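Chain nomenclature is as follows: A, B, C, D, E and F, assigned in order of appearance, with residue numbering initiated at 1 for each chain independently.
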Amino acid sequence: MCLGIPGQIVEITDESRLMAMADVSGVRREVSIAPVLGAGMTPGDLIGEYALIHVGFAMAIIDEQEAAETLKALEGLGEAQETLEAMAEGAKALEERA
Amino acid sequence: MKDVTGQKVLRDSRVTLAHGGGGKAMRDLIESVFTDVFEPDGMEDQARLTAEALAVPGARLAMTTDSFVVTPVEFPGGDIGKLAVCGTVNDLAVGGATPLYLSAAFIIEEGTEIALLRRIVATMRDEADKAGVRIVTGDTKVVGRGSADQVFITTTGVGVIAPGVELKAGNVRPGDVAIVNGVLGDHGACILAARGDMALSSDLVSDCAGLGHLMAAVQAACPNVRAARDCTRGGLASALNEIAEAAGVAVEIEEDALPLRAEVKGTCEILGLDPLYLANEGRLVLFVPEDEAEAALAAMRSVPEGEGATVIGRAKPAPAGQVTMRTLFGGARIVDMLVGEQLPRIC
Amino acid sequence: MRYVEEFRDPKAAKGLLAAIDRVVDEIGATAENPVYIMEICGGHTHAIFRYGLDKLTPAGVEFIHGPGCPVCVLPMARVDECVELAEQEDVIFTTFGDAMRVPGTKKSLLQAKADGADIRMVYSPLDALELARRNPEREVIFFGLGFETTTPSTALSIQQAAREGLTNFTVFCNHITVPPPIKALLDDPHMVLDGFVGPGHVSMVIGTHPYDFIADDYGKPIVVAGFEPLDLLQSVLMVLEQIRDGRAVVENQYARVVPEHGNPVSLAAIEDVYEKRPSFAWRGLGEIDESGLRIREKYAAFDAEAKFGIGYGAEVERSVEEPEGCACSQVMTGRIKPTGCPQFGLGCTPEMPLGALMVSSEGACAAYYQYGGGRAAVEAAE
Amino acid sequence: MKDVTGQKVLRDSRVTLAHGGGGKAMRDLIESVFTDVFEPDGMEDQARLTAEALAVPGARLAMTTDSFVVTPVEFPGGDIGKLAVCGTVNDLAVGGATPLYLSAAFIIEEGTEIALLRRIVATMRDEADKAGVRIVTGDTKVVGRGSADQVFITTTGVGVIAPGVELKAGNVRPGDVAIVNGVLGDHGACILAARGDMALSSDLVSDCAGLGHLMAAVQAACPNVRAARDCTRGGLASALNEIAEAAGVAVEIEEDALPLRAEVKGTCEILGLDPLYLANEGRLVLFVPEDEAEAALAAMRSVPEGEGATVIGRAKPAPAGQVTMRTLFGGARIVDMLVGEQLPRIC
Amino acid sequence: MRYVEEFRDPKAAKGLLAAIDRVVDEIGATAENPVYIMEICGGHTHAIFRYGLDKLTPAGVEFIHGPGCPVCVLPMARVDECVELAEQEDVIFTTFGDAMRVPGTKKSLLQAKADGADIRMVYSPLDALELARRNPEREVIFFGLGFETTTPSTALSIQQAAREGLTNFTVFCNHITVPPPIKALLDDPHMVLDGFVGPGHVSMVIGTHPYDFIADDYGKPIVVAGFEPLDLLQSVLMVLEQIRDGRAVVENQYARVVPEHGNPVSLAAIEDVYEKRPSFAWRGLGEIDESGLRIREKYAAFDAEAKFGIGYGAEVERSVEEPEGCACSQVMTGRIKPTGCPQFGLGCTPEMPLGALMVSSEGACAAYYQYGGGRAAVEAAE
Amino acid sequence: MCLGIPGQIVEITDESRLMAMADVSGVRREVSIAPVLGAGMTPGDLIGEYALIHVGFAMAIIDEQEAAETLKALEGLGEAQETLEAMAEGAKALEERA
């Protein structure tokens, strides 16, 4: 459950009510940024950030660093697999030649 | 009273119940607004048409009807009038008929702006001209406020199917290639945003278009085209399910072959919708034998409405009636018909 | 789409699947003796079927679809109350689209709308708030539904309504929490689960510590997962690795979104607005202690239960038996698969759902039906 | 799920938005309710028709459309379905065409009782059978509550005009005799009472009827029948004015020749209405040369819809376009077209 | 139809017409020097054209069409006020159908309805009362329009509303009385009238004595007439006979309906509910002293003027000039015929009425236009 | 103005509110009989009477006697005219014969 999608905060639409425009692949919707406005931050600080949008609220700022790390691990697995497969191909070819 | 162009001048800026009363006010409304689109036969309540094409032995008459009830009636890329002409032209065209004549019946809510009606009628005129059809007869009714939503239009189309032409869903055979003529879901996503209740906005424009010329081009290029279906309500998924069921074949499409705009994907992600079920108003899916697929693509791409033509999948022998999609992962999912409307989800 | 497309890369999937295969082999799990992994969240269930992950993973991994679809676990009695609220004069009843088709004992909200009730689908409780502002002469009721992900948005909306002094906005609060039903499942003597894929978006609010008991007290691994297919596969791999290694800890695959301690603003709003109910009824699972939230006394003006004397706020509590022949509770506890229910695809279809799990497209039975080929597939398999 | 008769069983007793979504719910509704009236060509969205009559050299295609929006949708003597079939059949018939095919498009308000739809569809089936026409294609749309009034139906009719047949208002010549086929105003007065807002009641029954057989009988008996017009919205007065204008003749009718029921007169006296402007749905006015008047009367009276046929007046050379009525006193009054709707008066 | 058909018998008409011919000859009236008879009542005007009586009577009799159509004499300012009342939120504005098409300065009620106002046509004030009962949350305003015939029905409805204690029913009272404008006409120095056909249905309420001044003070004959063609012809004959004989009395042709002293219940209701306004504006005639009625203070709760501060109840009184080029007042005083107005059939048609007399089908110009062939007839005659 | 039509009172529908059913040529409408309920009368006394109906009120009971007298006078005129015309015809015939 709990459909959520990353969207970029592109504009603050109402400072006092903490409303901002989020952009999801060119589709815009006004959302509340209350949950992601950390202590000492001003709304403008959020512009450009990606947030996880759920039912009209920015529920979490997406951590670029963490995302990159996860991806790196995944890519590693993918490449390892490719290598393995290439090796298997090679072994098979060798066998066939034999 | 008439103005310099000879058009009736209407005092009212909005339609009142008097305009539906069958008297002079109604005639004034018709003469002032609808004469541009209706081409009535004098004062007769029926059109009388001589259709040489129908007199050809073996030729058949095609007839189809649809009511159009879109909200809002004007939206990026079109209006209800454009839908009403294109929708019926397309239902004729995808069946292999050459569209000839349309009727147009308007149900108008009291209070509707007459300027809006004029704009809608002008669009219909344009689209009819583009499609090469004549709107030969019409009707207007006025209903009280709250008994309709501005304007509903019902168009009925008559066309001729040349001898020997036989396009139908039941013709599709295993191995046939499925082709769509462009990106999917633009209309549905555009209307969702235009309706305003989800407070979404985007630059999406409806794909609404007449597909008569495209179908003519394909039929000329591919003697064995099997079937075509416009992907309107219920989207591509419904069209494919109907075809699979009628032909007793399976249809398999490739997720990575589906042409989708980023904004359509975005809309679907936000609201939890599936683009396969979004409505289109200028998109069709076509089945041709594999050896005619290239010719079909070329023919489609030769007309503006087919520029984005692309192969999305093919028919398979079994399981009969089932549509599946190979996902990006090589997994398979069944693409069933919708139950009801797609509703936005939170979960 | 940033942070989306990258996590749908088929090449990386291949690597993950191969790794999963290897670990399953290492564990020695087979189709006859599989590892049972429950994805708690309906969003995960949806993604599994949407991308065919159940078919891509080896036979030694068996997904058990958890109770994490708030629409599926909604008792019919709550739907009846929604209908009752909505059918009052001068009420605009607002709800997420998901809840529209859920059958009550007499009708669904969709049918109540057809019968004349003013029921509107909204995307956000903020949209309900806006309706209340624009229709001061009418009572706008928002159906507060969902787990901890959604709970803060309702709380923040109530706080906003209070700040604005709105007098025509109330929430029919049926928010529920994830940990209690997991505990209930773990306490079930029939429980067969070997590990969990944890709900990513719930966790972005509550953090990962609320799951500690799963590892610590019950010795089961749990990995908090994102919703893209690579997220899910990676999480499954991580669960399997824990099983293989005999570990049981809480891990966080979805660290780009889920902070260890959750979201402080949201948690504060939840704390401010709600308190735990002593007990709450779940469809298919029965009453579960402290599994539901109600609105605190200080926000009683925004509480539809208090204002309209309904639901848990009613004098006489309503309870409705589950329909005859429904095997939902067995499916939800992993004892049978949807296709094992005798009603599946016959007396129970998405058009005419009998049980909770057929109602929402997040429900396990609906997902099996829609993505798995319905009854025909069952019969073909037989 | 299907019942013993093989009809789809619907769980809902009322139409919901799901029934308009293009998915299974819609298909279930159509299969359960509309299959009795639509005769679709398999799953195609168009009918394909072979019409030998059209292949005859000199034959022409007639096409007409009307939307039906009556309140209440069921009334003494009929329902909206009967109107929708008869109205379009009549528009074909009065133009000298043999009605062949109809399309039927339904716009249905959310919340409409499915049992009501079934009754309407059954009426349509009956009337189509009586008229010898086939309803070959259709459409259903569902709109939200308050966006329509239960159900609107748009029918479009296609017929064939045999070579040499040429009925039109412009043909009427001075001296021609005007004949109506029965008492006037029953439908309009009946609907006024049925609507309830004037709190009137009476035993009046709508005159709604298909006039195809009557027109066939007249055409067989009178080779030179000039024109016919059904007297629907705007009543006899509008039909006569249209004819007078199109033909450039005057029309004079006799007040004491007008067939009117006591209840219609009573309704008009109470509300200050003129029966000449009341709507009819099974009445037409026919112009024949004087020497064919007897034959026309006899032919009309030979069919049930023409039992009350009677001469009401005749065409005169001048003043062109004007309709007058000789009153009981020998005075004359002009019978102009209405401006808007007839409104009940107190003064 | 009893009491109707008998009075439409063409044979009797022949006798009456012959008698009229004879008396006209005896008087020596001719087309050039005709007897001018005013039918005061719009219902009579309607009947004259409906049956073609103007063409059947000899050229020596000329009908002048009086001010007795309440719709025609309604100033635009009143229509504007109706629109204003109707366009308030939560108002159901009820009116007789006649008033729907009368143009105000900006729009008619028909147009206001199209613009969104909830305006309903009723046959009776009782129907408006019923709407008020059924819609307690809305304000139902009834447009009280008409002469003494209609006045009692509104009064009785207000009394009924008071008995029931309805708090959401008011009347926008624009009731007017017949004798004052007749006096105004008789005082007009251009007056050419030789006698009057008196309004039958007004008289059934007020009796015949209110017309005594016509005979006594101005020396003009008046015959109270029924509405069937024989009634009218007989009344014309009776007026002509008085003229021939040099008499001037009030006679009652319509004795089957009109009692000499009127209807006591109706008169009592009028007395109870209304009082005379000092003055009231008539379209085409201007302000006429004591020609309008307002609701007494004791029924102020049912008075839309009092409740909504509008009309004669408004702080600032509204007055609107008659449209440019309108010759209605000349037509209404008998100085010209409708066809003598330069706007007739050109700038003024029933579709787009300029003046009051073209608005209602009771209006003399509308009657001339509709039954007389419009502008074409004027031009043919020229 | 003031459209009115004779209708027969056929049934008392609400004694307390003085409402009755009037019939005009087979068309029925509920009307108030308040104006025509004379002192000492009960509503039932009105059944069968013809009343002049205006905007939903019975405004006057139609006096059968007066109606008959008016009609007699009118018929008299009609017959007199017929006699006159017959005489004129006769005179003309005589003239022609002459």
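Criterion: a residue touches a chain if its C-beta (ideal position, glycine included) is under 8 Å from a C-beta of that chain, and two chains touch if they have at least 3 such contacts.
Just so we're on the same page, UniProt names per chain: A, F = HypC/HybG/HupF family hydrogenase formation chaperone; B, D = Hydrogenase expression/formation protein HypE; C, E = Hydrogenase maturation factor.
Quick caveat: nothing in here was measured; it's all calculated off a predicted structure.
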Tell me which chains count as touching both chain C and chain E.
B, D
Which chain has its C-alpha centroid at the greatest distance from the C-alpha centroid of chain B?
F
Since chain B and chain D are copies that touch, is their contact same (over half of the numbers shared) or different (under half)?
same
Maximum number of contact pairs occurs between chains B-D
In whole angstrom, what separates the CA-based centres of chain B and chain F?
63
Separation of chain A from chain C, taking each centre as the mean of its C-alpha atoms, in whole Å
22
State, to the nearest whole Å, the distance from the C-alpha centre of chain C to the C-alpha centre of chain F.
78
Measure off the straight-line distance from the CA centroid of chain C to the CA centroid of chain D, and report it in whole Å.
56
Listing for chain B: what residues touch at least two other chains?
16-18, 24-25, 198-199, 262, 265-266, 269-270, 339-340, 345-347
By residue number and range, which residues of chain E touch two or more other chains?
1, 4, 13, 42-43, 69-71, 96, 101, 110, 123-124, 127, 146, 150, 351, 362
Residues of chain F touching at least two other chains
1-3, 5, 24-25, 29, 54-55
Chain pairs that touch, as defined at the top of this document:
A-B, A-C, B-C, B-D, B-E, C-D, D-E, D-F, E-F
For the complex, give me every residue of chain E touching chain B.
101, 110-111, 113-116, 351-352
For chain A, which residues are in contact with chain B within the complex?
1-3, 5, 7, 24-30, 53-55
Per the touch rule above, chain E residues touching chain F in the complex are 1-4, 6-7, 9, 11-16, 18-19, 41-43, 68-71, 96, 123-127, 146-147, 149-150, 152-153, 156, 160, 199, 201-202, 204-205, 227, 230-231, 234, 253, 255-259, 263, 265-266, 269, 362
Footprint of chain D on chain E - complex, ascending:
1, 4, 8, 10, 13, 42-43, 49-53, 55-56, 69-71, 96-98, 100-101, 110, 120-124, 127, 145-146, 150, 229, 350-351, 360-362, 370-374, 376, 380
Which of the residues in chain B end up touching chain D in this complex?
16-27, 42-51, 54-55, 57, 59-69, 71, 91-92, 94-95, 97, 101, 103-107, 136-139, 141, 143-144, 146-149, 152, 154, 156-159, 161, 168-170, 229-230, 232-235, 238, 242, 245-246, 277, 279, 337-342
